[in-house]
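Look for chain A in each of the two complexes below; its partner is chain B in the first and chain C in the second.
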Partner chain A sequence: MNFEQLLLTVLTYGCLYSVMTVCLNLQYARGGMINFGTVAYFAAGAYAYAIFTQEPPQGLDQYLFGFNAPWWIGFIAAGVASLLFAVITGWPTLRLRGEYLALTTFAFAEVLHSFLLNERRIGNGSVGLSNVDRPDFSVIGLSENYAFVLAAVLLLILTSLLCRRILASPYGRAVDAVRNDEVAAEAIGKDVHRLRFEIFVISAIPIGFAGALYAMITTLVSPDLFTAEVTFFVWIALVLGGEHTIKGVILGTLALVTFEEVVRSLHFETVRAAEIAASVEHMMTGVIFVMILRWQPFTRFATRGREA
Partner chain B sequence: MTLIAQYFVTGIVTGCFLILATIGFSLTRRVEGFLNIAHAEMLGVSAFIAWGLNTQAGWLFLPSAIVAIVATAFLGLLIGRLVYDPIRNLGPAVLLISSVGVAYVIGGAIDAIVGTGIRSLNIPLATTYKILGVRITDYQMIVVVLAALTGISLALFLNKTKTGLAIRAMADNPALATSRGIDVQKTSRATWLIASGLAGLAGVMLAMIATLSTDIAFHQILQILAVAILAGLGSLYSVLLSGLIVGVAMDMSVYWIPAGYRPLIAFAVVIVVLLVRPEGLAGRSKS
Partner chain C sequence: MSSDLLVVQNLRKKFGGLKAVGGDSGLSFQVKEGSFVGMIGPNGAGKSTVFNLISGVLEPTAGRVMLAGTDLANVRSSDIASLSLGRTFQTPRSFLSLSVLDNVLVGAKSSGEELRSVLLGGWRSSEPALVEKAKAALTRVGLEDRVAETVSNLSGGELRMLEVARQLIRDPKILLLDEPTAGVDPSLQGKLSKILVDLHKEGRTLIVVEHNLHFLFSIADQIIVLQQGELLSSGTPPEIKTDPKVVAAYLGDEHAA
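Now for the complex of A and B:
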């Protein structure tokens, strides 16, 4: 793989995953909610996009719906699908705290995964939907690779701006107050449940858009692509970058994606060697993750800066 | 009717396996105070050590199983001391997320050493007995007997021995336990040994009744979580009942709905229990 190709891949996927980490950061570092089902909102977006733009089923296809709509309708549908899924999962679960919330969101994500895998009428079951529609970029005169990088970067910038805007507003300070001391926030008249719910739902929308973009890039959606691995990956990226700052989590995600892509682009003689390399990469990710949680270098750095 | 009875019996066996797999997890939750996601990976470690000694080194099944269980127990202790002890004061959420990292490391190590593919132990084929039209194999019976024995011996251990009482005291009130002269370090170490040893036992059982692949651990953690939550996080005796409930519910469901949805039953249990009765079967509501 040449350098330019590697750079493009890293930028595209890095930005896509960064959208998720930025949203997760909003939920966790600011809202105090542990969402262990991130992949579900991503998958909801990707599947919604695929279903809306797919041609009606024919031949061996087992899915029921294909609306053959233009790409921008599919893109909007992706955001809506993710939002709806956040409403469905957030409404009953957000009164739970800490690890209980983590477990319920995790379980919801697994339920969605299981439905996508077993219910062939949604998206062909384990086969998935292939040949997902791509928007035509020739209008603006860019090759597809560059266009997708541009789209991913744009989506990331918009998401970051949205998050920063929310957090810098009085509304953001109310969210901080709820996280820091729920009782106190409630005592001064903040509707704690509503605030948490709103943050949860708002932050799901960009994840859905990222899912749609992911479906366009890979032109394939299948349950295999949306496992709990994605959730864990995003969490590791979040911790790696040092939670709390948008810049930090984006850098963390880019670093992790770069690391992964570099290992993937290495050339191996045998399948077994590639397998070992992938596993070792997994192990190293885990070790780095545990070490960062142990010594918390970023938090320490941040607080030192504040004192100075 | 026989078919339903057959599913029920298979469900009991699944339930007994889940009891073995979950007790260690719940013990960790009770004493160390966090959800150890890496617990399921310990099952994998033990299963593959047993497999390696049994098929690659040519040992008999029993010694390889014992070595696997002991090795897993000490690996658990090592990880507990190395990873979780230093960050205990950072709170259960950080511990929970850290254990995901540990799961990554162990899972990656197993993948790197063993590689993908399906494997099974070098043991005689299971003998099937037919009782009133319901089939059960001898290996399945071993699982049931071991689950019962584990339940009884754990109850004896926690109620009769000094270490057991110390574990219970520390679980209920660590500060008070310390002031009454209980060695917290020693008790914590004993907990890690027992919890990981139980994971090791469950792993060997898994190797015995199922075929092994390296992603096996991940599928177990989901069911372990379901059982632990239904029991009420951290409670031990209700694990016995909730393990059977989840096992029977999963296997009986196959009678009515496609088998692909079998794991879904476990998550449905998680969601319903957390929404309706977060304190679980144990019923000790905590604020």
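Now for the complex of A and C:
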């Protein structure tokens, strides 16, 4: 893989995953909610995009719905699907605290995964939906690779601006108060349930959009792509980035994606060399995690100058 | 004409088998609008529990609380607070990730707490006035030099004053203060006493739990004495001071007239 290709891949996936970590940052670091089902909202967006834009079923197709809609309708549908899934999962669960909420959201994501795997009428079961429609970028004169980088960067910028706008307002102040001390927040008239629910739902929308973009890039949605591994990946990125600051979590995510992609791009002459490299990668990953957690470079970079 | 703003009727609260408030018969008392009520009693008498029951932090086992004619049964604590009831806690509660100023500002009802207003940016015009109000509240409680600091820099007494400032910006009609002078130095106590007298003069209703009896007897116009969750006595400070039951159970000879 050449350098340009590597950079494009890192930027595209780095930005897509960053959208998820930024939203997770809003939910967890500010809202105090542990969502271990992040992948489900991502999957809801990806599947909604695929279903809305694909051709109606024919021949051996087992799925029932295909609306052949233009890409932008599919994109909006992805945001709506993610929002709806957040409403359905958030309404009954947000009264739960800490690890109970973590377990419940994890379970919801597993249920969705299992549903997509076994219910062929929605997403063709384990085969998934392939040849997912891509927008035509020739009208803006960009090659598809560059167009997707641009789209991912744009989505990340818009998501970050949305989060900043929310957190830098009295709304963000109230959300912080609720996370700090619910009883005291209620004693000054803050509707704790409304605030938690709204933060949970609104932060699911960009994740749905990221799912749609992911489906366009891979042109495939299948249950294999949306396992709990995605959730853990964004959680690790969030921890590396040091929570709390939007810049920090984006840096953490980009660093993690870069590391993975660089390792993946290395070539080995023999199988033995590749095996050794794979083992070394795990050790290196561990060492790098410890170093980042010890010195918190991304948090420091994101908050530099703030103490002065 | 003053009427009963707060009516507590046969209120009972049990924690497991322990009758924390109300004993067998229930606790009843009324608080007239604009009055200054002191609530006293030995440790464990149920004073803070009564506050928690009134403000909806705890649900009563039996009985009811009426605030300005509204039955508070099944009303959430945030909605009770919105009915113009303010309270502080026995152990001061503050929002650690917010600055001192934000800790007060968060008490204000701002249009910027509606998602629509945040997304459209409509809240910005009302913010400067709120900031001024918050700074005025902090000045009133003597924390004007600490505005930009983090809450973790404040001492225990200052945290109490911060809680009071957070309630001042909310402008509540009835204010419940749980041991406001505990751990507060004499100069701040003087400030606090002036604030309470001023609030009373402004027509607000105050209920204050306090062990500092000199402080309380000098400014309250009604005293409620609790013992083991039940009403031991109720009356004006001079009546309470001479009540033999109260002297025996709580005051001792020192405060007896």
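Everything that follows uses one rule, which is that the second predicted complex is superposed on the first by the 268 of 308 C-alpha atoms of A that agree within 3 Å, B and C clash if a C-alpha of one lies under 4 Å from a C-alpha of the other, contacts with A are read in each partner's own complex, and residues count from 1 in each chain.
Keep in mind that, in the parts below, a contact is a pair of C-beta atoms (placed from the backbone, for glycine too) under 8 Å apart; a residue touches a chain by one contact, two chains touch by 3 or more.
Please read these numbers as outputs of a predicted model, since none were measured by experiment.
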item	value
Residue contacts on chain A - larger count, chain B or chain C	B
First, second, both or neither for A:Pro170, with chain B first and chain C second	second
Chain B versus chain C as contact partner of A:Val287, first or second or both or neither	first
First (chain B), second (chain C), both or neither touched by A:Val111	first
Which superposed partner A:Ala274 touches (first chain B, second chain C, both, neither)	neither
Partner chain(s) touched by A:Asp181 [first = chain B, second = chain C, both, neither]	second
Partner chain(s) touched by A:Leu150 [first = chain B, second = chain C, both, neither]	neither
Partner chain(s) touched by A:Leu225 [first = chain B, second = chain C, both, neither]	neither
Residue ranges of chain A in contact with chain C within the complex	165-166, 169-171, 173-174, 176-177, 179-181, 183-192, 198, 202
Residues of chain A defined as touching chain B within the complex	34, 92-93, 96, 98-100, 102-104, 106-108, 110-111, 114-115, 117-118, 228, 232, 235-236, 239, 272, 275-276, 278-287, 289-290, 293-294
Interface residues, chain C side, partner chain A - complex	55-57, 76-79, 81-82, 86-87, 89, 93-98, 102, 105-115, 118-119, 121, 123, 127, 166-167, 170
Contacting residues of chain B [partner chain A, same complex]	34-35, 83, 86-87, 90, 92-94, 96-98, 100-109, 111-112, 115-116, 218, 222, 225-226, 229, 233, 258, 260-261, 263-264, 267-268, 270-271, 274-275, 278
